[in-house]
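Two complexes, one shared chain (chain A), two partners (chain B, chain C).
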Partner chain A sequence: MNLQQDSRQNIEPEHVPLPGHDVPWVVRARQSAFERFAAHGFPTRREEEWKYTDVSAIGKRASLKPAPPDPTSDAAALILFRDSGHLMVFVDGHYSGELSAAGELPAGVRLASLADMLNEAADLPEAFFDQLHEHTIFAALNNAFATGGAVLNLAPGTVLDAPVYLLFIASGQGAAIYPRNIVIAGEGASATVIEHYLGVIDAHNFTDVVTQISLGAGAQLQHCKLVQEGSGAFHVAGIHAEQAADSRFVSHSFVLGGRLTRNDITSSLNEPGCLCTLNGLYLLDGKQHVDHHTRIDHIAPSGISREYYRGIMNGESRGVFNGKLLVHPGAVKTDAHQANHNLLLSRQACVDTKPQLEILADDVKCTHGATVGQLNDDSLFYLRSRGVDAALARSLLIYGFANDIIEKVGVPDLRARIRHLVLERLPQGGQIKVML
Partner chain B sequence: MLTIKNLHAQINGKEILRGIDLNIRAGEVHAIMGPNGSGKSTLAQLLAGREGYQVSAGSVDYLGRDLLAMMPEERAREGVFLAFQYPVEIPGVSNALFLKTSLNSIRKHHGLTELDAMDFLHLLRDKMKLVGMDESFLSRAVNEGFSGGEKKRNEILQLAVLEPRLAILDETDSGLDIDALKLIADGINGMRNPERAIVLVTHYQRLLNYIVPDVVHVLSQGRIVKSGGAELALELEQHGYGWVEAEYAARNAAQER
Partner chain C sequence: MDGQAKKRLEVNMTTVTRQLDELIGREYRDGFYTTLATDALPRGLNEDIIRMISARKNEPEFMLEWRLKAYRHWLTMTEPQWANLHHPVIDYQNICYYSAPKSEKDGPRSLSEIDPELLRTYQKLGIPLNEQETLAGVAVDAVFDSVSVATTFKAKLAELGIIFCSFSEAVQLHPDLVRQYLGSVVPYTDNFFATLNSAVFSDGSFCYIPPGVRCPMELSTYFRINAKNTGQFERTLIIADKDAYVSYLEGCTAPMRDENQLHAAVVELIALQGARIKYATVQNWYPGDREGRGGIYNFVTKRGDCRGANSHISWTQVETGSAITWKYPSVILRGDNSVGEFYSVALTNHYQQADTGTKMIHIGRNTRSTVLSKGISAGHGQNSYRGLIKVLPGAENARNYTQCDSLLLGDQCGAHTFPYIEVKNPSARVEHEASTSRIGEEQLFYCTQRGIAPEDAVSMIINGFCKAVFQELPMEFAVEAQKLLGVSLEGSTG
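And now, the complex of A and B:
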């Protein structure tokens, strides 16, 4: 179906200049992934995992052909935190050395674009390309066309204090963007990675991104993702973590912009003593559609997982939360908690929330809760009784609801930035901003 | 300052207030006592502007204005303050942001400049000392995870920061141990002045050992059945509310005859 617009001939990987075109395994992997996509096409709503999210518009509205590098793009103006951390900028999925400022990295830490990594050490990403067969058709599409993205490789014991800040800018040329990120943290290593997707205001591009994370024993990774795509943009992403013993993985997902966003976030707690935290916030308006599908696999004993997702829906927007939690046989002493709370601010907005727990081990503690509601009258009255007018009181309550999630982000700059972005979206947010 | 005349109010068709008459002048401290279900909290909340009550008769005049026609925020800006019996938790909003938003809303209404971060912090530190609150409470979400006593203390902190003309304290003493009660009473006594009226809504006489009222009213079944001096509270403590209600019933019967 999607191939009708972009004739197959036109987008077959061998006809598009892509990184690794001279590496045999890359060419084979791309071709077989493309065949898989071509045979299957986009998922339909008849498939359980896509029941609430219709992706048919992607093929109609956006091209699937990877966007070419655009040296004239004025993307520099959009860079927000130039001075903090290790900055890598990608414009329409292509690494821009000119805009990036990776800074100094400690010994044992390698940070490179995917293209550079394929040139230098092509065997490193190979396992990651191979892993994807079990994931979605969008992952296959990304395998076929990945142009850029970052590879972060932390040797055992290395600690990266400043965050790695990956900024993905959509210039608005309406093409497809295929970033691919890989994070490998060796035993005891630790880092923070920020993925920020920023589209020019009315962009209608299609971003299909995959991030793969491998945590060695005792490694720690904080992963923060912020989606601020343009109003017509489609964003489909997979973030997949594999955890070894006693490792800690914390994921934050913030979706504030874009026409349709789908985030599949999964972690597999493969060895004993892992900690996994998945946090998320979606703030929607107009006809925005945001779908989070999360999945936590407790495979080994004594794993702890925490999941806190919140949604705020206004206009005719729609939120979807599907939280899968699987406790495999033998994963005794698992301690898992999941919560999804949603605020509906208009009659036309809606949310589908679905906790999905499958527990196949004894001696575990698993709890979950989901709510959908409106602003609380008692809280509104309390604020008004202190002289705060009704409109400001409403904005303050919405801010508070969102802030509970924002506060969990461990990067002060980013936390402040997200607070401001949320406040910019609230009717009286400006008044609150000056008082922070 | 506050004149209530023949106030009748209902919730969902059930009459809770059945003809309240009350006159409170600036500088006075009034205690409104009464058994459970007598309408004390309804009166307090209605004065603060809570929705859901239907006023079927009567009037409330506050500084020459029709209080019942004002929005809750308007009442607060004009100096009406209610210390809640059950203070509400506001997750995600720090106490500092809450107090600042509220104080600046009130200041703006009076044409005063909004306080900047430094001035506000100075003010807040002083007031927190007054009610014995630790500064860590500033960064915590409003009332979230606070103990019963901490919530009540937080109400008094707001009272001290907002400096209202008319302060209504709804069961502020309930659930407090003796030390906390003394502390809160000190805070409230410190707020007494000739420009301000204070209304203490309470079930027990205990609080009145520390804050001596000018007038004590007994509310029963939606009416004020007796008013008197501070000594009335002691009598109630000793003999309960039964005799006041009996006396009122006899008086009414006599009038009808």
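And now, the complex of A and C:
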């Protein structure tokens, strides 16, 4: 396959100076990951995990080469707002020191780009780099090509009040972008990380990102992800958390933009007493395709997991949800609940959902639910009988449906921003904004 | 809770555990088999075997052609691997594909002509073939191994124009009906096991209810695997013409056996406009012993087609047997306003594995489906629900409600749920709910503190868990089903 031959050359250190090209283990890890990818190729719909999502268009791209840094790019213009917090900006997957503003960090907290970290303390990411065998083939591709991304290391007991805000900008050159993020929270540490993916309106870039999270005993992490890629963009992501005793992991995933988005979000509750919450909202239109695959592994006793995903499909969009919940032998006193609700608003839109339970321990309480439907006629009638016109009533109900997920976000600025974005997408959103 | 009460509860819990163990560890009661002279073909599968099967059954040319087409297609297929099941590789060349009791050729016309050994077998199973005929009010088309040996109540049914006979008989007497409907719901290309069945099926039941007729009795058939190493490949075809109604029961028990036996049946249901078919199964094939040796491999394709408007098909199943159950009774909701239902209780213990569920394909407008699945796992049993709810673009106002609950009795067993939901119409409403739990200590405590003995409490809870499904069974089966679960019916003791 020419494409792979072409790409193969790119990971030779002399071809593209990828971060860590002078660190032997990095080069080895990239090589073996690429071999793994080359042997398997892109997944097809014959594979159960990709049954509803066709990624053949990614394979047809002209190049999988990581985009080189482009100093002329006008990415700064895309940063419309600067949230308070520790800002790190990546343009086409490369860290931009100029645009970033990491600010003051408390003692014991280290926040650096992957490239810097590989130069300074290469042993820190090493443990993470080769951990992804069991995840999707896109993780292998990311391993081979990872250019940038952030590494956040929190020493035991450190608390980061302001969120770490990671902004990934696709400059619109149709680039292949490979960010790699690593979050390590020591015992009792706590932080909030926001990943925001932004592309120019008609960008057709391909982003393949992996975020790895390791939570020590009693650590807490809130992870928020917002995808606003351009209308032609492909976005494939993996977010993989490992939890130690009594740790809390909360994930929010919002997908509003992009042509095709696939998020694989997993958490492994390795020790007793963990809490894991996965929330998500996707609001789709046109030919958008969004696929969330989540997996929660209850390995130790007394874990609690909650999962709430909602989808709103308009136009010819397609929303896919696959929520796996595995309770391993011995993980007794597990309490798990999962729900996926979908609103289908147009003739051509469709929904495929599969909430999945696999339970191998007896003393557990596990439930899941999934629904697909449309706006309730009675609710519409209720609003209309009180003088609300039909269009506004519909928008109000859709907003209410989405807001149940939005209000779970624990970062006020971000919450307000997502609310704003959702309202902008609704026909009568402006009117609702006034009402709020 | 004071110490004494706690102690008492502990004692109670021990009794419960013991009772559960007893229930779980129960030996297979229907484990006997009859020595009969059988007329079997050599092991293995090739075109000659298929020609021989067809020739022995004196089939018309179209049947042989159909079988051969299926066989040639089967050669291009591979065994499906997606199910959550693990078993040794099946050697399809080491199976005897046809065996019929010797007496079949003479064609018994009354019970007195039937091999008395056979009659005793049925009596042991409690099938009321003899004088109980009228008392039981059930017409039994008993399938002994592969050939139907006796059919009762035929005259009575014939008065109404109902055809209820063995499949071979239908091929001889009503070839046009067979030709018209055979394979129209489960085509011979459908799946590995259905295709195999299409090539080699030996017999089964055939039923046709003419327009406007309400079948006055529950039709029923008993399957039984008897001759050693003979896989059963049954084919059932039920057609309910316009506005007809039929309720059909299928029950099975199989004798104890060490070698795994393959069972790959196909059931096709066709409901024309306004027709209603109720199909109930109690399946109690030999599940293998405590260590998971032996037991039946049960790979069944069951599908109903609501072909006409306002038609209604409902599947009810109680699956307690078989080492492996692979079975997804489905309904194609083609006609407008048609209704599909699936009610299931599946029990796995020891090393049994069940991967079962349903498919509801909504094609017509205002189609409705209900799925209610109850899985009980004990011992090392693995129980999977696998379902698909598919709403196609033209299915305006389609409605589905699915509930699947699992009960775990023990810490070595597993419960799995794989519900697929695919919706392509914005007016559809689809709901899915699932839960997994065990018998709660609080539930037991609640019962015991009200003076209910722990064993009764467990029975009550299990019965309550399955009640919504048992209610869908005809009376005769509801009783048997509850017995099969090894717990007494509520109120039956008093």
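Assume the second predicted complex is superposed on the first by the 418 of 436 C-alpha atoms of A that agree within 3 Å, B and C clash if a C-alpha of one lies under 4 Å from a C-alpha of the other, contacts with A are read in each partner's own complex, and residues count from 1 in each chain.
Here is the rule we use: a contact is a pair of C-beta atoms (placed from the backbone, for glycine too) under 8 Å apart; a residue touches a chain by one contact, two chains touch by 3 or more.
Since the structure is predicted, the reported quantities are computational estimates derived from the model, not experimental observations.
Contacts of A:381 after superposition: chain B is touched, whereas chain C is not reached.
Contact with chain B, but none with chain C, is seen for A:390 once the two complexes are overlaid on the shared chain. When the two complexes are overlaid on their common chain A, residue A:435 makes contact with chain B while staying clear of chain C.
In the superposition on chain A, A:403 makes contact with chain B only, while chain C stays out of contact range. Across the interface of their complex, chain B is touched by residues 376-379, 381-390, 392-393, 396-397, 399-404, 407, 431-432, 435-436 of chain A. By the touch criterion stated above, chain C contacts chain A in their complex at residues 82, 391, 393, 406, 408-438. Chain contact summary for the complex, chain A toward chain C: residues 48, 329-330, 332, 342, 344-347, 349-374. On chain B, the positions that touch chain A within their shared complex are 48-51, 71-73, 75-77, 81-82, 84, 87-93, 97-98, 100-106, 109, 141, 158, 162.
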